[in-house]
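Got a structure for you, written out below as C-alpha cells; questions coming shortly.
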Amino acid sequence: MKKIKEVATDEIFDAFLLIKQADVRVAKNGKKFIAFTFQDNSGSIDGKYWDASEEEISRFTAGKVVFLNGKRELYQGRPQVKILHLRLTQEDEPSSPELFMTRAPLTKDAMMEEINQVLFEITQAHWQRIVRHILNQYQKEFFEYPAAKRNHHAFAGGLAYHTLTMMRIAKSMCSIYPEINASLLYAGVILHDIGKVIELSGAVTTEYTLEGNLLGHLVIVDEEITKACQTLKIDDHEEDVLLLKHMVLSHHGLLEYGSPVRPKVMEAEILHQIDNMDASIQMMLGALDQVKPGEYTERIFGLDNRNFYRPLD
Amino acid sequence: MKKIKEVATDEIFDAFLLIKQADVRVAKNGKKFIAFTFQDNSGSIDGKYWDASEEEISRFTAGKVVFLNGKRELYQGRPQVKILHLRLTQEDEPSSPELFMTRAPLTKDAMMEEINQVLFEITQAHWQRIVRHILNQYQKEFFEYPAAKRNHHAFAGGLAYHTLTMMRIAKSMCSIYPEINASLLYAGVILHDIGKVIELSGAVTTEYTLEGNLLGHLVIVDEEITKACQTLKIDDHEEDVLLLKHMVLSHHGLLEYGSPVRPKVMEAEILHQIDNMDASIQMMLGALDQVKPGEYTERIFGLDNRNFYRPLD
Amino acid sequence: MKKIKEVATDEIFDAFLLIKQADVRVAKNGKKFIAFTFQDNSGSIDGKYWDASEEEISRFTAGKVVFLNGKRELYQGRPQVKILHLRLTQEDEPSSPELFMTRAPLTKDAMMEEINQVLFEITQAHWQRIVRHILNQYQKEFFEYPAAKRNHHAFAGGLAYHTLTMMRIAKSMCSIYPEINASLLYAGVILHDIGKVIELSGAVTTEYTLEGNLLGHLVIVDEEITKACQTLKIDDHEEDVLLLKHMVLSHHGLLEYGSPVRPKVMEAEILHQIDNMDASIQMMLGALDQVKPGEYTERIFGLDNRNFYRPLD
Amino acid sequence: MKKIKEVATDEIFDAFLLIKQADVRVAKNGKKFIAFTFQDNSGSIDGKYWDASEEEISRFTAGKVVFLNGKRELYQGRPQVKILHLRLTQEDEPSSPELFMTRAPLTKDAMMEEINQVLFEITQAHWQRIVRHILNQYQKEFFEYPAAKRNHHAFAGGLAYHTLTMMRIAKSMCSIYPEINASLLYAGVILHDIGKVIELSGAVTTEYTLEGNLLGHLVIVDEEITKACQTLKIDDHEEDVLLLKHMVLSHHGLLEYGSPVRPKVMEAEILHQIDNMDASIQMMLGALDQVKPGEYTERIFGLDNRNFYRPLD
Amino acid sequence: MKKIKEVATDEIFDAFLLIKQADVRVAKNGKKFIAFTFQDNSGSIDGKYWDASEEEISRFTAGKVVFLNGKRELYQGRPQVKILHLRLTQEDEPSSPELFMTRAPLTKDAMMEEINQVLFEITQAHWQRIVRHILNQYQKEFFEYPAAKRNHHAFAGGLAYHTLTMMRIAKSMCSIYPEINASLLYAGVILHDIGKVIELSGAVTTEYTLEGNLLGHLVIVDEEITKACQTLKIDDHEEDVLLLKHMVLSHHGLLEYGSPVRPKVMEAEILHQIDNMDASIQMMLGALDQVKPGEYTERIFGLDNRNFYRPLD
Amino acid sequence: MKKIKEVATDEIFDAFLLIKQADVRVAKNGKKFIAFTFQDNSGSIDGKYWDASEEEISRFTAGKVVFLNGKRELYQGRPQVKILHLRLTQEDEPSSPELFMTRAPLTKDAMMEEINQVLFEITQAHWQRIVRHILNQYQKEFFEYPAAKRNHHAFAGGLAYHTLTMMRIAKSMCSIYPEINASLLYAGVILHDIGKVIELSGAVTTEYTLEGNLLGHLVIVDEEITKACQTLKIDDHEEDVLLLKHMVLSHHGLLEYGSPVRPKVMEAEILHQIDNMDASIQMMLGALDQVKPGEYTERIFGLDNRNFYRPLD
C-alpha cells in the first residue's frame, strides 16, 4: 500500500490512516459533514466526509485508525482526498496510532545515546546534577513529545531531536569561540524546552494544557529547577543556579516573545540564537520539501509569513 | 532645624542629613570632587564638594549621617545646595539612617492591621494558606522595602503602602462588580510585588540584586509559591494554584513589560489595571507636589515621559 | 414562548423576534438568500433563508418583527437557527422593536436617578451648568443609545449604563485619593462619551453617521461645550472650560486611539483609566457569560484579541 | 555694521541685537552666568556672560535690544560669541524688537494680496464665508505669527508664508488633477494651521499657551468654525461644514501625529501631503543654507533626525 | 455591444471579453469550477463557470478572448456575472488581447512626446546621457508595462503614465522652489520605476519575475546605471553618478518600504514625496470612480486600508 | 614600556601612542583645549590637553605618533590620562601608525590561507570565478579594513577576521545540515561585507565615504558582481548570479536594517543568522573583556543597549 506522500494527483488509492483531526460542520445545504485530517508516517492530507450521520460522527473521531479508499485531488492548489469509502480497521489490521505518526529522523535510542554523551561534558557539578535529575524525571516524555503544536519540529520525538541538533551547533560554537562556558551552554540547551512536556498534552493530538496556557514552558522549567534544588539540597539562591535558571527564562530572546528577562549573560544570548537558528532551518527544510525546484513554498508563519524559493538544481 | 523642603532658595541653613549617594568625579581642573545627594525625611537635594582630599572621600560615603551648613540655590532650574561646611555627626547627635528616610504616609502598624483584615476575606483555603505563609516569611522586608528603585513608591514602606492602596481599589471593584472572585483578586494584590524583597537590596541604598536582574520579581514570586506548596503539601499542578501563579506572572499586562504570559483570567486583567492605576496616581501626585498651581511638572519617565499641568486653585 | 438564550441545541422552537440585520447574498448555486441576525431581549442568533424571492427580500428587512419557527443548531461551534417557517407578525401580535432589544440591567429611571444625584456633587459652577445643559439637551438619546456599535455596552441604554458604572469607580477613587478634584472627574465622566448620540445612528440598527466618521465623538463633545458656553455666556478661553474640554478630548489616552492630545491633567489620566477598566470588565463579563466553567471564551477584539479562561467553580 | 551671518570666525565685531533667550545658570565655580541667544534678522548666535551680578541679570532679559562688542568663535563645531562688552541700547539707537526678527521672504502685503486672490476661487458659498470670517478675525496674527516654535517656518510671518507656498502647490495639483474639488482644498489650506494664533503666544518669544497644550491647534480651528457657523447662521451639521472641519482635523494624516481622525476624503489626504511637502522642503532648505557644498547638514528633528548632503556645485 | 462598465445590475448582455484570470477550483459538491476574471478596456468583472469539464478547463485559459452571454448581478455588494453562455471567439471576431486591456488615458505617442520634451531640460550631461541610454534600451516596455501588479496604475501604459503625472508635479515644484536641482529631479523621476520592466512579467498577466523577487526594482535600476556607465565610459564613482543612483535607491523613502538607504539629498526626499502623492491620488480616484456620491469606497490596501467618502455633489 | 591596557589606575607612565582623534574645543574659561583619544595595539584612552596654543593644535593632529608622559586616572568611572608631557616622536623613535592599531588576533597570512582553502570548496563555477575576481581586486583592503567604524570588529583586519569566523560557523552548519548548498553559503559569506572596502575610508581614521552614505555596502557589492559578470562574460540575468546577489542584498535580514529584500532563499536566511551570531559574540567578548568577574559590562549599542553580566569564575 502507498504512503500519503507517494500518491499522485488524481490517483485512486487504498490506505490505513490515523484520524488526526475530525471537525463536524454544517454545510450550506444544512447537512453535517466531517472535515478530516488523515495522517500516516509520511505526511498528512485533508478530506471532507459529506452528509455525515450522527452515528458516523461518533464513530470517526480523532485518534482512530481507519481504512480509506479515496482519490487524491488538488483544491485551490493544495492536495486533498475525495473520500470514496471509509471504515474503521478490523481486528487483524493495524490499529495503533503510534504506527501513523511522523517521527524524528533519528531513533529514540540514537538520540538518547548522543544526549547522554553530552552530560559528561557538563563539568560543573550542580548543573550536571540538576540536568540529570530533571531529564530522568521526564525521560519518557522528552523523547516522545513534539517540540510544538505546529510550526517547527511538530512530530513525535521532535522535542529531543530539536535539542539534539541545537546541541550539535552548540558544540561547534564552543570549539570556534573557546571563551564560551560549555557546561552552562550545554545545560541550557538540554533544559530550555523541557517544560513542553507539561505545556503540551502529548504527541498524538497535541494541545496546550491549562498549565501551559497560564504559566508557559519557560516558567515551568524554572519551577522544575526550584524543585530539583530542594530535592538535591542545592541552595537555589547561589549564582550557579541563578545562571541556569536565567538561561531557560531568557531563551526566547525578547520580552515580546515571552521571556520575562532578556539575556544578560553571553551564553544565554548564544542559546537564544542557536534555538532560533535550528527552528528556522527546520521550518524552511520542511516547507521546501513540499515543493519542486523552481517553485516557492507556502508562507511560513513562524518566519514572519515569508515564502522561500527553491532554486533549480 | 529646618527640613530640606522648608528651606527657601538662597537661604543659608544648618541640617542633619543622610548621604544617599556620593559619587567621586574629576573636575575640569583635574581635581577630584564629590557629587552628593543628601536626604532627610522631607525630601532630597544635590550638592558638590570641590577639591576633595582622599581622606574626605573615604570619610563621606553613602549611608553616613552628616551635619551640613549650606546655601540653597537654583542650578538650571533645579535646587542644589552650595556646601559651606560639612562634618560627620558627633556622639550626641542623630546618626541612624532610618531617621532620614522618606516614608509611607501610614505607619507600619496601621498598614499591617489593614492588610491582616483582608486576609480573612480570602476565603479559598489554599490561597489563604499560601498568602499567609509567604507574608509571614517576608513580613519584615515587606513593610520596610520601597516598591521600586525609583519611579513610583520609591520610599521606605512603599511596597506595603502600594499594596494597601491597591487593596482599597480592589475592594471597591468587588463591590461594584460582584462577578469578580474577591479571594483571587485579594490574594493576587498581596503577592503581586512581594518578589521585590528579593529583587531589590533594601530601603537605604536600593539596587537590583543579581537574582533580581537574572530572574525578575515576577518569577521570584512564582518560585516562592512553588516552595510554599511543597512546605504546605499543596499539589501545585491543581487549578487553584495555577490561577494564583498566573495572577502574579501576568500582572505586568503585556509581554513587553516583562510578563511571560498575558492575563487570561478576568481577575488577572483587573489586577494589572489596578496596579497601573495606583502607580500612575502615585507618580502624578509626587510630581505635582513639587510644583505650584499654574505650573507643569517635570517629565515623568514612568508615564511615557509626559509632564502634567497643575490647575490653578 | 422561550427566549433565544433558553433554547437548547437541536431544539425546535417558536419565537417572536426582531430582525437586526438582513443581508442579501447570492449562494454558490446562483440563487439569492438572506443572512439574518434575529434578536430578542435575551440575546441574538444568526440564520440563513435560502432561495429568497424578490418579494421575500423586500418583506423581511432589518427593523421588522417576525414570527419564527426554527431549530437551533451548532455551525462551526457557533449557534445558528435553521429556519423552518418565517412570517411577519400579525395585528394582535407584538410588533414594537423596542420589546426585542437587549437592555442595560438597570431601568432608565434608576440610572437617571443615580446620575442626577451626582450632578449635585459637581460643585464648580461652570462645570455644573455646562454638564446640566448638555445632558438636558440630549437626555432622551443619552439613556437610550448603546455605548458602541459592537464591542462593549452594545445594548440599548448602554451609554448611560457605562457612564454609571464608571461613575461608581470614580467615586471610589475620590474617596481613596482625596487629592483628586471630584467635580472635574465627575463632569468628565458624564460628558466623555455623550458625543456618541451624534456619532451613532441610534439603538436599533446602529451605524456610524457621516458626522461620526468625519469628526469623531471626542470632537463632537468639544463642539457641544463650545456651543453651551455661548448659550450660557461662559468665556470658553477660561481655564476651567479648557480643563473640561481637555478631559473629553484626551480620554482615549493615546493619540493612536484617537485623542488629539494625551492627558496632561491628573483627572484626565484617571478618567482614561476608569473608562478602560469598565469597558474591559464589561467585555470580559459578556464573553465569559457565553461559556461554561473550564472553557475559554471567544477571542475579544477590544482586548487585543485575547481569549479568557473561565475557572472551574 | 555687520549682520550676524556676515561675521567670520575669530572676527571681532559690533552689533545691535535682540536678546531672544537669557537663561541664568550657576557655573562650576559657584558663580552665576547668563546663557544668551542673540538674534538679528540674518540669524542668531549663542554667547555666555560670566560672573553676572544680580543687577545685570535683571537688566539683560529676553526681548531687550542690546549693543554688543564680541568675537565670533567655534565651540564644538558650532559658532558662538565671546562677549567682550554688552550694554542696553541708548535713546537714539534702534530698540524695537521687530527690527531684529527673522522674517518670511515676502512682505505682509504681498502675502495678503496673493491669499486674497485665492479667496475668489473658493466658489462654494459656505466655505467662502467661513474662511473670510475667520481670516478677518485673526488677520493681524495670521500675518505675524510663526508656523511653529521651532522646526519649520519658525520666523515672523512664517504661518502666512507656509500657507502661501502650500497654496501654490495646491493650485498646481488642481490643474494636474482636475477631479480635485479646488474650493474645498483651498479653504482647507487657508484654515488648516490658523489655530496656531491661539496655540502659540506670538512671534517674539514663542511658547505654547495653556489652550494650545490642552486642546491643540486642530481642535481650536474646529471650534472657530463652530462659532463662525453660529454667527453666520450656517447649520453646522450640514455636509459641507462637516467636510471643511474634517479637512482641518485630519490634516496631520495619522492619529499618532495628533489628528483625531485620519483623512477620509480625497482632498483631506492631499492637504495632508501638501503640508508635509512644504514643511519638509522648508526644513531642508533652512538646514542646507547653513552648510557649504560637499558638507552634511545637522540632523533635522522634524525629518526623523536625518541629516542631508549638500552636493558639490 | 456594451462595455462591462455600462451594463446595469440584473441586465442580460453579450460581450467580447479577455480572460484575465482563470482559476480552477473544486466546489463543495466535489465538482470542478472555473473562477474567471473577464476584462475589457472599460474594466473587469468576476464570474464562476460551474461543473467545468477537463476539456473546458483547457479551452478557457487566461489570455484567451471569448464571447460571453451573461447577467450582471450583485454578490455581497460586488458585481459579478452569471455566465449563461461562453465560447471562444471565431475567425471574424476580435481576438487580440491588446484590444481588451485597460489603458492609460493618454496615448503612447502623447506620453512619449511629453517625456521627450523633458529630456532637454536635463542639462547635466552625464545624467542626460544615462537617462537617454536606459530609456532607449527599454522604450518599448516602458510605454507598455503597468506600474504595478495591482494597487495603483495597474493598467497597460501605467508605468509611463505614472512617470508623466509625477513629472508634471516635479515641474511645478521646481517653479515654486527654485533651489531644487531640476535636472536631478527630472532624471530621478524618469528612472525611478523603470526597473519594473524587469521586475514584472508584462502587461497582460502581470507577475513578479524571479529577478524582481530576489533583487527588487530599485536595485535593478542601480545595476542598469552601472552598466550604462560602463558602456558610456562614465566613471561611476563620481559624485554625479552616485547622486543619480541615490535618487533611485532611496525613492521608497523608508527602509521598511524597501529602500536600502533613506533620502539624504533634498531632491531624493522630494522625489519620494511626489511618487507617494501621485500613487495615492491615482488609488483614490480609481476607488471613488466605483461608487456614487454619498457612498464610501472599498478599503484601499495601499492607503493603510482606509476607505474614502465621496461627497455629495 | 607598558601598553595602555597594562597601566594601573593612578600610575604615572611613558608611552609611544598614536593620536586616533584630536578634537579642538573651547573650555568654560574661554581657552581652547584638545580632546585626544590615544591608541596603541592594546587599546585606547582619552585625555585632555588644556590651554592649547594654535601651534600645538596644528602639531598634534589625528594620525600622528607621539611620546606621552601621563597619569592614568578614573573620571566618572572611565579611565582617562592626565597629560603631564606630550611631544611628537623623534627620528629614531617609532612613527608608523600601523604599529599602534589594534588588530585581529590572526595574522593577515593566516587569514588569507584559511580563506583560500575555502575557495576550493565553492564548486559552482560562476560563483567561484566571481568570488575570486572580486577578492583579487580588493585583496589588500579586505585584509586591512575593519568591519565597522565602531561596534563589532572595529579593528584593523576586522573585516577579514569577521569573515573568517563566520566561515567557521558556516562550515559547521553545512556538516550538521547537509541540505544546505555549501557553495552558495560560502560564496555569500566571503562577499557579504566586502563592500565595506568602498563604504569606509580605511583602517586608521575610519569614516563613511560619500559612496557609503548614498548607496550602502550591500548595493556596492551588488554593483561589483554586475561588473564582474561583464568582465567575466557571465550573463547576470541567470539564476545562479541572481542567487549570489540575493545572498548579499538580503543579509541584513530585515528591511529596517537596510536590506532591500528579505531572505527568500534558505542559504540567505542562514547567512544572515551567522552574521548576526558572530557580530553579537564579538561585541559581547569585547565588552566582557573590559570588566571583572561579578561585574556588568557597559551597555552595548549594537545589542539593543543591553549590558551583560560576567559570572564569577
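Each chain gets a letter, A, B, C, D, E and F, in the order it is written, and its residues are counted from 1.
Rule of thumb we're sticking to: contacts are C-beta pairs under 8 Å (C-beta built on N, C-alpha and C of every residue); 3 or more make two chains touch, one makes a residue touch a chain.
Because the structure is a prediction, the values reported are computed rather than measured.
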item	value
Intersection of the contact lists for chain E and chain F	A, D
Centroid-based (C-alpha) most distant chain relative to chain F	C
Copies chain A and chain F touch via same or different residues, half shared test	same
CA centroid of chain D to CA centroid of chain E, Å	40
Gap in Å, rounded to a whole number, between the CA centres of chain E and chain B	61
Chain A and chain B, separation of their C-alpha mean positions in angstrom	44
Of all residues in chain B, the ones touching two or more other chains	28, 210, 213-214, 239, 243, 264-265, 309
Interchain contacts (touch definition) - all pairs	A-B, A-C, A-E, A-F, B-C, B-D, B-F, C-D, C-E, D-E, D-F, E-F
Chain A-facing residues of chain B, complex	210-211, 213-216, 218-219, 222-223, 226-227, 230, 236-237, 239, 242-243, 245-246, 249, 255-261, 264-265
Contact set on chain E toward chain D in their complex	165, 168-169, 172-173, 176-177, 179, 181, 239, 243, 262-266, 269-270, 273, 276-277, 280-281, 284-285, 288, 303-304, 306-309, 311-312
Residue ranges of chain F in contact with chain D within the complex	23, 25-26, 28, 30, 210, 213-214
Of chain C, residues touching chain A in the complex	27-28, 73-76, 80, 82, 309
